[in-house]
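Chain IDs A, B, C and D follow the sequence of writing; residue 1 opens each chain.
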């Protein structure tokens, strides 16, 4: 269970790090959307390993094939299946991990749950699983753009203690993609890259914060009570590997303010073509009562330092003996640069699903 | 949509702040569980208004009636419906809110989404909606206790800047309930109560952090990929009114550590009756790879300061005129003391659902 | 589990025959629909016991209360809860059934599944459970009528061997309601009533066939692959108590034809305002490939003779002793007259759900 | 939407008749089940085209590849993806169908719904879509066998008017597979084959009835109210292409009996190792009140004559012109022989899902 996400725009992913491949089935996609493997590949290329010196050197082109659901360049409205074959699978790197559990990784818990585990490269718990999400997210993004002009931009906000000042109102994809750490503040990016490179050399790893903004989201998306927009966003982001926290708008910092300081006062935007209700500030992060209010949706996700490191650590074996492990294999010293397209994909999937849900219930009559 | 939560242990809530009442239908509850309205009432009493000088003075006994699903004191295995009638509904307090939107509240977004809104007391967006969750959570807690000895304790960790030191390994419900702010650190509790009381007198409000621990959770709960235990917990807590953030284990703070500092090393606990794999530290918060590892599950939720305040604020009317609003009505100056049983309920619902899911898939053959 | 039905227009029912009451929570209803308890009551009155000499004499007004989700006469878009209290509960009639299983009833299987059972009046397996369905169906019907002019008419087609000729193209609700057996063929209705009355006097029971037509269903409703319209209709009808079979269009009889005899040839209807694709015949029953084609949707459901009868039968006790049972209590000698509004309700729920689903996916872009 | 089936043992299928391939993702499969591509292939071979003179001559080996979810011959508990590539795709046979609608086929309705359609070989509406179901069904069957000794046998009961006498208590897979029409009554099978062969030569087609029995189903499977076992079985079977009707137990014929004739009286089976409640007759078809009672589950499905025939028929074009069509391409003159493994697969999927659901709720405490 748990391999399906979304209510109307719904994806099901499959695949392990080493094996036949990974992929996704997308159900509920509107028909007649123009889509090509090349467009999806653009997003997969942002996610793939071996992009730069601060990502894992595993060589994977991650070339996607659209198996079904697209005909003569357009979606059919039926299930879209996308497959990416695994290529550079050096399972011998993982021999030791067949019986030694990596600290803070999923090895031990998968064994505890299932009594069996594909120990090659993390199996199903590998971040390679996110390929299907990113592929589906590429389609979701295109729908959001076409239907409502929505754009989603994520970026690295902080690596360890290096935090970048970024204006989420105007940050662009191009700025994010202008450096290998995906921080749209070049000065800070240099420092972040240095930090990550040092951790890599130290056989250690780093964490940080990814921030994401969704602009032009129309008011009305999100479903009270349980499927509040922030709740579904939280789930979507917290389902990504290595996440430890989620914030919307003012987040934890907002809890130190009083209500009169924190509340977003309303005003009428006379500059808009139609007189529109806006808020002076945006501590709500674009969502009030679980429903989008038309302001930018702003959220942050905490990613822990990569669990798999080359440094020797104390651990146990599958059969219950204490031992040590210094992980071999090719791992990211910091997941954040590659997590950026993953966060965007998850946010796109949630917004697209809620766009359809809102359309179904509130635009019918 | 969005009024249902859970996959196997599944609840559907209904009701508005003012109207016929609020309640819940619980589907998937195991049969033959002994349960009484009185047991459920204990949890509802922790949530109800008018408990103390730092909560809203609205007078509601919140007496629950079990409509169906229980026979001769035991669950039937079929749908359990629980109803709480609304009593002290002074809708005249809300007349002004029929046309003026409260800043940072759901008034404007409900109107944007539905084009209609029950403006009496917040309607469906009122925290009164959580009565159904707390009632269902009482049953979930009992199942968790009986099946696996799981206990869930939440408490106020911080109000504004007043943060309490609490040992989540040993904190008890009795300690939490020993004061009106539900902070199991009496010294800090006094300061918190003072802060809230001052905010109340100032017609302002405060926010803070609730921490929650689940102990004795067996390894194996949680479903990769999308229904990771932390993802479902995040969604459950972020679906509560006024939440702005969620953390599991080390949370945002953990992102400033290196992997070698952050990882939870494994050891074998020889003191246990059976030799058990444990971790030296618990920065993972009891979950690795989306699956419980047997350590305590520790999480925190950020609650913003209450949006409805007596202080005058700038806002707009339903018809698009700028105006001001100083809210009347009876509101909590700080939601956290009453949010404690809500958080416990949501955590219990998630764990109970995953206990059933795990049992179904992994304990069948 | 199993108390929820529908994907977007979704209902959850609760309640047992004897106990606090029965009801339904409706999620996903479009906002701003005018609806009143009186309108819902009209359908409940068609379903309630004690209508005529050929239904059970149990006296229940089945008066419904709208607990939530409707404000000032209009739907809010949030969960609608409807409650009907149980009144005439003579549980003493069921004392014998507390330990003796009624043949072909759910008594034994509920005990086998749950190890517990509310034996008063059938508990959750009572047809009284359908009150929630019929109430929700009343709302679904109104949406279908307003959005697309869809009308749904069911009627008794056959009682035992008495089969009525009915033209489903033109049959009206008024004709159906013109007699107590709900057969819109007065001549045949008289014979059916006689048959049922004789069975009643014999302490026996009868079964038969309900036919249902949905007119003005727009083309395009239904989702390949698993949620084909006929599949969801089959499930909906087969979830009603006492059903043993379901047919769409030509049904079982159509299997004796050849393809060239059975196929519905297409033609262009020049008489329509817009030139419309129609079929000469309608053996498909308005659905091809799981999707509505614009022709009338015609289906039939087989209802077995009521299981609970006054005649003495061989059975066993809960503790495994062979015995006999001549059921007391007040039971319908034939469920079909009261099943008519149930079938209509289920068909309405399926069509309304698919109308929303189709609108979401195919009317967005 | 609609490409996913099941609640806990859940499958999602994808693929069109002509294109990259067809397949399935299976979620919720218990871990550590031994399974091989070869075992799955056995069932696919029963379904594949070109088996005999009475099936379509399309040449497809339908060789399956397990992409994920199985490691070292055992299920991992995570998503199992199975892919079958399309091979013998002569799309030129379908050129005419690009613009002419086949009567009683899905061509026109897919266009009406989506405004686009893969017209090669029926696209998503092709029976080729059922490959994923049959592959998943092979795994479900194995689980049912191992956990509860359940065996499922389907067979052709009737072709047009040729109906076979078959004893469902003892019929075996070997008997079913002993002839090309899959009727376990050799004498009748010969007549059926003659009928089909004649229809094939006449460029016409035939329909009929498939019967299916599930033996050794434990009491307690099925969920009141909406997910009654017969309701889910009805949906599963009615989601197969070309089905027009479904019956459980006595079906439509049972409606001509009185209650005292129809009811299945209970007795205690003293011959069983434990004294077991049994029924003298089995008109209930193994299900009472939506829950299995331990007797054989017996059901029948009506399959219409194949819609695609070589005989000339009246139809219309995509652009609304009346025309005629004599279908080219390679089609089954009768779908029933190949429908037998499809019906078994759907029944297995439903029973497996309900086995897990029952285990989750009723075997936890």
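We take it that contacts are C-beta pairs under 8 Å (C-beta built on N, C-alpha and C of every residue); 3 or more make two chains touch, one makes a residue touch a chain.
Note that the structure is a prediction, hence the values are computed from the model and not measured.
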Joint neighbours of subunit B and subunit A, given as chain labels: C, D
Centroid comparison with subunit B (C-alpha atoms), farthest chain: D
Higher-contact pair (C-beta pairs counted), A-C versus A-D: A-D
Computed distance of Cα centres, subunit D from subunit C, in Å: 26
Rounded Å distance, subunit A centre to subunit D centre (Cα mean): 39
Mean-CA-position distance for subunit C and subunit A (Å): 45
Residues of subunit B touching at least two other chains: 1-4, 7-8, 13, 28, 31-32, 77-79, 113-115, 124, 224-225, 357, 361-362
Residue numbers on subunit B that touch subunit C, as the complex places them: 1-4, 8, 10, 12-16, 19-23, 25, 27-28, 31-32, 65-69, 71, 74-81, 83, 113-118, 123-124
Parts of subunit D lying in touch with subunit B, wherever the complex brings them together: 7-8, 28-33, 77-79, 143, 146-147, 224-225, 355-357, 359-365
Touching residues on subunit C, where the partner in the complex is subunit D: 1-5, 7, 13, 101, 103-110, 112-115, 124-125, 129, 158, 160-161, 199, 202, 204-209, 219-220, 222-228, 230-239, 241, 243-252, 254-268, 275, 277, 279-280, 283-285, 287-294, 302-309, 311, 313-316, 320-322, 357-358, 361-362
